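I have a structure here, written as structure tokens, and I will follow up with some questions on it.
When the chains are written out, they are named A, B, C and D in that same order, and each has its own residue count from 1.
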Amino acid sequence: MPVVPPSAQYVLTLSCPNKPGIVAGVSAYLFGESCNILDAQQYDDTQSTVFFMRVVFNLVGDTPFERISSGFADLAKTFNMNWTMRAVTQKKRVMVLVSKFDHCLADLLYRWRIDELPMELTAIVANHPRDLVVLARYMQILSEGLSAKLSGRCINIHHSFLPGFKGANPYKQAHTRGVKLIGATAHYVTSDLDEGPIIEQDVERISHRDLPEDLVRKGRDIERRVLARAVRHHLEDRVILNGTKTVVFGD
Amino acid sequence: MPVVPPSAQYVLTLSCPNKPGIVAGVSAYLFGESCNILDAQQYDDTQSTVFFMRVVFNLVGDTPFERISSGFADLAKTFNMNWTMRAVTQKKRVMVLVSKFDHCLADLLYRWRIDELPMELTAIVANHPRDLVVLARYMQILSEGLSAKLSGRCINIHHSFLPGFKGANPYKQAHTRGVKLIGATAHYVTSDLDEGPIIEQDVERISHRDLPEDLVRKGRDIERRVLARAVRHHLEDRVILNGTKTVVFGD
Amino acid sequence: MPVVPPSAQYVLTLSCPNKPGIVAGVSAYLFGESCNILDAQQYDDTQSTVFFMRVVFNLVGDTPFERISSGFADLAKTFNMNWTMRAVTQKKRVMVLVSKFDHCLADLLYRWRIDELPMELTAIVANHPRDLVVLARYMQILSEGLSAKLSGRCINIHHSFLPGFKGANPYKQAHTRGVKLIGATAHYVTSDLDEGPIIEQDVERISHRDLPEDLVRKGRDIERRVLARAVRHHLEDRVILNGTKTVVFGD
Amino acid sequence: MPVVPPSAQYVLTLSCPNKPGIVAGVSAYLFGESCNILDAQQYDDTQSTVFFMRVVFNLVGDTPFERISSGFADLAKTFNMNWTMRAVTQKKRVMVLVSKFDHCLADLLYRWRIDELPMELTAIVANHPRDLVVLARYMQILSEGLSAKLSGRCINIHHSFLPGFKGANPYKQAHTRGVKLIGATAHYVTSDLDEGPIIEQDVERISHRDLPEDLVRKGRDIERRVLARAVRHHLEDRVILNGTKTVVFGD
């Protein structure tokens, strides 16, 4: 069996109330349609009793993908599933909204250019005009209605600290408090600006020598790589919403 | 559905040549025996064409575990599986062999005492007698026959460096080379002493101020936590051998 | 010049209002008394205008240490210094207060037994009796007067999160919030229980599979190593208080 | 005393055979010339008996910097010092040589554009032409003579592994060996291509799911940030050569 190229791979994600038979049902369906499972991860949240699954497969038989996908709807209905099924190489459409600082934008653009992030960039929107990339302006705080509509589809990045700080200029507060680590959090946007379901976090070590501006500089590096990882996880259908949390099926 | 306590959980691990129908077969069997799947991870090595799977489940019906386990043998035979199935709370029997330095032993004993590592300690063997724990002596280098017999069942821990160093006193060599990170590797023992399948690795930052003895001290901390993680992964049936490598289904 | 053994080393730490001439004054004094500087780190907090210094030296001439130490008092007075000077091998006296969970105690005891932490253990005080180590009980919350008296001399360890959580059972809150990292903070005790000057912090990665009890288990590992590092820094006179913060001269 | 802006700061680095009186000599000289020490770190390598020092200071009196710098030569001669003294804001001239892969170049360019790396870019040299940045070609392996001439002034980045691998395609070897961490090393170039004094290293976690091309992708991220840190340390005169090693005075 040769290595299956990405262009022949498909990915199914689903979540539904847990009850016996889901895995058996899904795998029997795929087997019956001559699909070969390449990778599968599942998770049963025993507290919320919600079941989550991600399956990567390729087609061995003659059935076209469209029929496999539409045929899955019956099973999905039986188990009351939220589900998606798509070709791995079908790129998602992405719009980037950028504020004054462009370090994350530059990083995303570079990764997009070298095909590291499988996405189709449809727009870059900024509220600080620059010749190069400015296409439009946006309201920095999304309306509640828009946030709700974008649920699970809009990712934000911001700094994070141990402990957390409320109010303005958290880097200055972190410096005053003398923390030894600073971090960043990527999360889905909800109407509560910094409190959506977390996708990825990371930290970096700092010292007493670091001034608030050094924290800002080191913070940029963490934000770039945390956002890039979160976007990649999202683009590869590795993230499934679980109430106020996420299930992230790692690579 | 209430949270399922560990005492009601069972774990199945298997590896076999990949071909269509494995997942469907396994999940249909478990479903048919009224088993409820709590967690499952699988991996298809497209290079070696070997398939790996780990399933945690509980019993919903009346069929006793022994019958579910023995009944699985037929399916396992069909797919030519290497497999194990056991109760999560059934403790594995562990023997610890310790050389002159006892930092890893002390750490394992503490974790065992507070029930963090689910194992039954059957013997502690050392080649440097101390009143407390010495039960026997052992040859520091296992014979080739014994190594082969212990394949996949004997874990070793040793320091690791970027780049690697050959020969005696690697900490001194690392100091001379001025490395900025030192690490540790836990792996299954093979007849080639330091070259078995790797289970877990980690590193720690060092500086120009660190003397060789500081590297040794910092190395102890890495070795302790790398070994503890590797042992835990092994005890929880998360590690499956894959030729010269391992598949580790993370927690 | 041969390597100077620790038994021949002395350490000076000081902090004082910054003004020109401090380094020149200190180094001229040590040079005049035939002391050889082995390591020195200094830091000028340009915001608080406080100067911090740590010097390790050995004696080349015949002047006994006591005279070098007492003779330093004049210079210290001129610059209005807070200062300490002691032999590196003169062990500090340490009392350990332990609550219900003993993972940090066991770790400190092991490191003390193998001479990794240069301290003299004078007492272990616990509020949960066990045969082995319980010497007394203590009030879990120190009085304001005692906290003030112990300023800079009493180290606490507790879990930390990004973001922080207020109120009871933060591990449960962290699980509900779906954080991807958990951490620990070691700090000097002040009357505000969890808000003293931070000495050391670290984090560990977790996943959606981790239940609150897994967070507690992983938290133990972080707490152990963060506390051990903080205690070591303190014992080696690497930590100097700087208002609500610390200066930590790293190894 | 207000915060001293970088434009008023000067940095002195030196290394010389260790003997008593160096710190006293240097600090007395600076004090005598009305220089105020802002930050100082020193290190005494007791094995090679070489002394290293880095001092940041500003001018309080009227003496111009040029006179302070030239006046230091006498003291430097007495102690047989290798030394440099320069204004912190005086940018170093940097030439970037880039091979086929441009991830590090893109990262350096971005950091240079936002003034994060205080350097003057004089040339970008590549052996794979692109319209945008290619100025010339270069021989991928520097001649021994050129390497010797560039000693301590030319930084290279390459991947690193635990354990190390010899020969072609180390990412493939690392995958075959099943390592759980991959890393990168930034070092000064010597005639022995990958063996120069190490400036900085870091690692990233990988899993059994990662194919060789995933290792390459994750490796890019480590290489970018390790190189950026190494370049920054170099530009800020934080790195001093110590035989086959470096002394890196951290920020």
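Everything below uses one rule, namely that contacts are C-beta pairs under 8 Å (C-beta built on N, C-alpha and C of every residue); 3 or more make two chains touch, one makes a residue touch a chain.
Computed from a prediction, not measured in an experiment: that's the story for all the values here.
Asker: Among the chains here, which has the CA centroid at the largest distance from chain A's centroid?
Answerer: Following the centroid criterion, the farthest chain would be C.
Asker: Could you work out the angle of the rotation that brings the CA atoms of chain C onto the matching CA atoms of chain D, rounded to the nearest 5 degrees?
Answerer: Between chain C and chain D the superposing rotation measures out at 180 degrees.
Asker: Count the residue numbers both chain B and chain D use at their shared interface, divide by all numbers used there, and answer same if that is over half, different if under half.
Answerer: Mostly the same residues form this interface, as more than half of the numbers used are common to both chains.
Asker: Quick one: chain A and chain B, Cα centre-to-centre, how many Å?
Answerer: About 31 Å, centre to centre.
Asker: From the C-alpha centre of chain B to that of chain D, how far is it in Å?
Answerer: 40
Asker: Distance between chain B and chain C based on Cα centroids, please, to the nearest Å.
Answerer: 36
Asker: At least two other chains touched by the same residue of chain B: list those residues.
Answerer: 39, 43, 207, 209, 250
Asker: Chain C touches which residues of chain D in the complex?
Answerer: Chain D residues touching chain C: 1-4, 18, 20-24, 27-28, 30-31, 34-44, 46-47, 49, 60, 250.
Asker: Of all residues in chain C, which touch chain B in the complex?
Answerer: 39, 103, 106-107, 110, 114, 116, 207, 209-210, 214, 217, 220-221, 225, 228, 250-251
Asker: If you look only at chain C, which of its residues touch chain A in the complex?
Answerer: 43, 45, 160-164, 176-181, 183, 185, 194, 197-203, 207-209, 242, 244-248, 250
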